[in-house]
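Take a look at the structures below.
In the two complexes below, subunit A is the common chain; its partner is subunit B in one and subunit C in the other.
What follows is the complex of A and B.
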């Protein structure tokens, strides 16, 4: 009996491994294709003669003398000022995450610990606002923003993004706080803490996975948002996503579309890094409360 | 160190009455146990003392301070929770030190005080561990250590043993008793386990449905229950209660006739007696004669039960006594060991001496 009892039959192992590999390939293909192609010229990446040109790059070699070129990146970042969009994105994302986490933890904690019935209705109201399409909110905001002369600035966009994001953060953190036993803050208060100290010293340290997970979702919302940023920001204040879109809008000019490809790859890279760094917290955050009673 | 006074304390949520007119003086250094079934308001009473729950009516005095409006941290209390309430991110050492830290006790004293507390609860070997790496009993000892590291006026313990297994419960119980004896701090202890109440308390407060049923020493409560609720809650097995009539000092009901009781009352009453106060009678005799309903071996005794109407009556017999279910056996019930309760109110009909 050398074989362990847990050993699965070989065909099953082969099938499931094959399936996972296939899925992985399908999921990763667009990203890899784009990342590889971003170092080619337009004639290769969008070649009409042979799709293999995007991989081998004969036109790239003919035009630049090398099989890979950074022209797309140079054009996007320097010529077209994509770096400014990166700075803007950073500001917007940082502010949105910080503000919504601050309100979210405080509000979620208060709602989780309050014994009153209105908490339920507050959360339901939050859910309804969250369920609305973003664009309906934006169209309502547009006119007042023009009239108040605050259209096109980053702070305006940050406020709108926080408003859209807040219900979700509140929900998510609220349910995290519910999984933390009340005894914890109560014993902290008896031990000599004020309500706020109990929150800061006893509850928040236990909450990190929840805060990180919620923070990541807020980050993704602000980072990937197109509806709000494209309508509320002026040309010079654009964040990355509307900027990439504006590159795509100018495909008539030779090479411009490669700027979009390069910029898209640039926008993707930080997301990979982020998920890698926080993967442990994210996993424990996503599953928290699922197993422990 | 201080005495306490709870003056007509009540707690209501809308129409629901959690605690009704709770009035109690607690002497300095006294060990008070609040005992009752779940939902009787004992925990709510303790949480009001701790300041974790608002008081609807009445006043709570600790020493010469009225604490109704004070935050928990300003009441100078320490509390041990049923689920321990330890800080999972801190080591045992830091958990015990936490109250000193937030209360800004002089830094140079911290180490000595933590070590002294850890020694009293026998945790000195585990100081670097996180709570997650401890057993239930050890966790509860950390919670105890955290409570005693300061010198609070009052200890509050909310069912501290109910998450422990039976064996550990006995040893931790002894440890708590010993700690309180050493520290001489006024202690209020909440439990639903009458054995804990009997073993630990100087005085027991029996509660039901938000009301105090009886306050007294464990012996008092055991020997002279104030009403049928206390009688049926204290003791294992609880006191036997039989509904019947009394006439000319003779209590009678189906299969049971007890003479020699007080003659000044007549009418429907409830008769109470404890399993260990009665004995088996020789053949054909006994105040109680009925077929045996069940027979259980306890080791140190045999327990026989009868079915009298709705009531199940238990009798302790010698440990080598054996009988078949359904066979008849008589029991001798001495009148002196009997309690009489009002059939309607359940109040004890004991003559006031």
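What follows is the complex of A and C.
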């Protein structure tokens, strides 16, 4: 029997495995290192003498009496009020995901079902909008928002993030709805449903996989945003990411870098869980745009 | 679907995009024609025990009143675009006239803030994007070769650099390359130079940012290519093998052409994302050596007590023009395809 296409010689497998392991190390090590180090004191995490100190933590043991310390977390969450930023982030992210999915499913469905030429132009416009650097848009908002006295509040930021999210959401849900056969809602309409009823009764029950995937990316956009939230929110309404950035300035001088490290690790943790639970959806979402080329 | 139903479905989404994406673009263009009010100076006589002296002060009350009346500032036409912090026509012309060599000219232009930011942004975009595609492809091919048991964890850990907030991801690296951090300290040992710091020299800062960019985006290219590799037609691969093609030739003549559309897709996404590089510059505090166009706008909006709206708006318009030039090939291609179909 001729050797199959997928049979691989041993050296090739070894080389590939080595390369993959190297990449894994590069991808994961920084996060594991920082997560571990966040339970140490600054003298260990930023050790002048020996980097091994960050692993073993002699200074942590000397200063706090145990090998791990939650001081960084205590300082960040309680002393610096990081918990408030977490609450704000939760509100912003929840609202952005809900609203942008509602708008997006309706719009994406319409774009997928309408055969007119303007759908093409709408999608192209959405593509151009998606490419706009967010900070250029922010420089357009700032002055009008000051004038209208709506600067600094959470609802303003939420609606801005929803809008920035729309081009992407529309593209993704549009290509997802294209994969749902037209017959499904059309037969519902033949049975006497209006378009909205057909959407509600025939399409909504089968659309959840696409909506979950799109929702993940809306979540990431809202959660990871720094540009919009740092410019449009006042000090007391800040979400996590701008809060961490403002820690940097103030804590570096006071020798409290570990607060920032702990806060950064706290903000990373939900993302870890997210990737673990939704790995499959994230992968399918990333490739969804590509399949259509 | 009739127009009316279409509109009924799409209006919330359309309205949001119109109000918060299209209108701000127009508003930015309009704002860029204005600059801040000139400071109103008033002479104040202050008398102390050693006689009186007159002082020139900024009249804060009058300024506040003027700002309330005309929040946009005063009309400046295209003046902001041509001033030294933007296109700097006078400075460039002068540099062209007085600098002897071309290298000297480039050096002087590089010192103008707008051109410095533009050149960094372009370098970042056009160096990081190809590297991301190449590295992503290599990882995808390698992962495809390893045993199936490794694949799940590989994908999990590979996604992390991309999913984690850019600001935090960059910070994590920044703490590690600190001269007291693990990578910074190790590099000092390797090069036997206790003064070595990745933050000090402009070149090293650029390299660090490029490395961060590739690290952050390679997972995206990897996942897309990996999904593409699963669909490479096995028949073609087999017939290539029957024809005596080696493994490398099969990759070169079958796999790579097959994955080409995916590479175009990744390139498009990466060009858009890399052109607005911003967060890593904040995290690495690299603004002195490596400002980007986005950073320029950010720092204008953050300057002093009162944001420089005019200056930020002019930079924004120039950035938007840059984005459109960047997307132009894609738009042309789409237009042709659309016409072919119609």
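Simple rule for what comes next: the second predicted complex is superposed on the first by the 263 of 293 C-alpha atoms of A that agree within 3 Å, B and C clash if a C-alpha of one lies under 4 Å from a C-alpha of the other, contacts with A are read in each partner's own complex, and residues count from 1 in each chain.
Methods note: a contact is a pair of C-beta atoms (placed from the backbone, for glycine too) under 8 Å apart; a residue touches a chain by one contact, two chains touch by 3 or more.
Only a predicted model underlies this, so the values are computations on that prediction, with no experimental measurement involved.
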State whether subunit B and subunit C clash or fit side by side on subunit A once the two structures are superposed.
fit
Using the superposition on chain A described above, determine whether A:124 touches subunit B (first), subunit C (second), both, or neither.
second
After superposition on the shared chain, which partner residues are touched by A:48: those of subunit B (first), subunit C (second), both, or neither?
second
Identify the partner contact of A:236: answer first if only subunit B is touched, second if only subunit C is, both if each is, neither if none is.
neither
Superposition-derived comparison: subunit B or subunit C, residues of subunit A touched
C
Give the angle at the C-alpha centre of subunit A formed by the C-alpha centres of subunit B and subunit C in the superposed arrangement, rounded to the nearest 10 degrees.
100
Which of subunit B and subunit C A:162 touches, first, second, both or neither:
second
Touch check for A:79: first (subunit B), second (subunit C), both, or neither?
neither
Quick one: smallest Cα-Cα gap between subunit B and subunit C in the superposed arrangement, Å?
9
Residues of subunit A that sit at the subunit B interface in one complex and at the subunit C interface in the other, please.
none
Subunit B partner, complex, touching residues on subunit A are 181, 183-184, 186-194, 197, 201-202, 205-206
Under the stated contact criterion, what part of subunit B meets subunit A in this complex?
50-52, 71-73, 77-79, 81-89, 98-99, 102-103, 143, 146, 156
Residues of subunit A touching subunit C in their complex?
2, 5, 8, 12-13, 15-17, 19-20, 23-24, 26-28, 30-31, 33-34, 45-48, 51, 54, 102-104, 106-107, 109-111, 113-117, 120, 122, 124-144, 146-147, 159-160, 162-164, 166-167, 169-170, 195-196, 199, 220, 223-224, 226-227, 231, 241, 244-245, 248, 257, 260-261, 264, 267-268, 271-272, 274-276, 279, 282-283, 286-287, 289-291, 293
Sort out for me which residues of subunit C touch subunit A in the complex.
1, 3, 5-6, 8-10, 12-14, 16-17, 19-28, 31, 71-72, 138-139, 141-147, 150, 152-161, 163-169, 171-173, 175-176, 178, 180-182, 185-186, 215, 219-220, 223-224, 227-228, 234, 237-238, 241-242, 247, 261-262, 264-266, 269, 272, 275-276, 278-279, 282, 293-294, 297-298, 300-301, 307, 309, 312-313, 315-316, 319-320, 323-324, 326-327, 330-331, 334, 338, 342
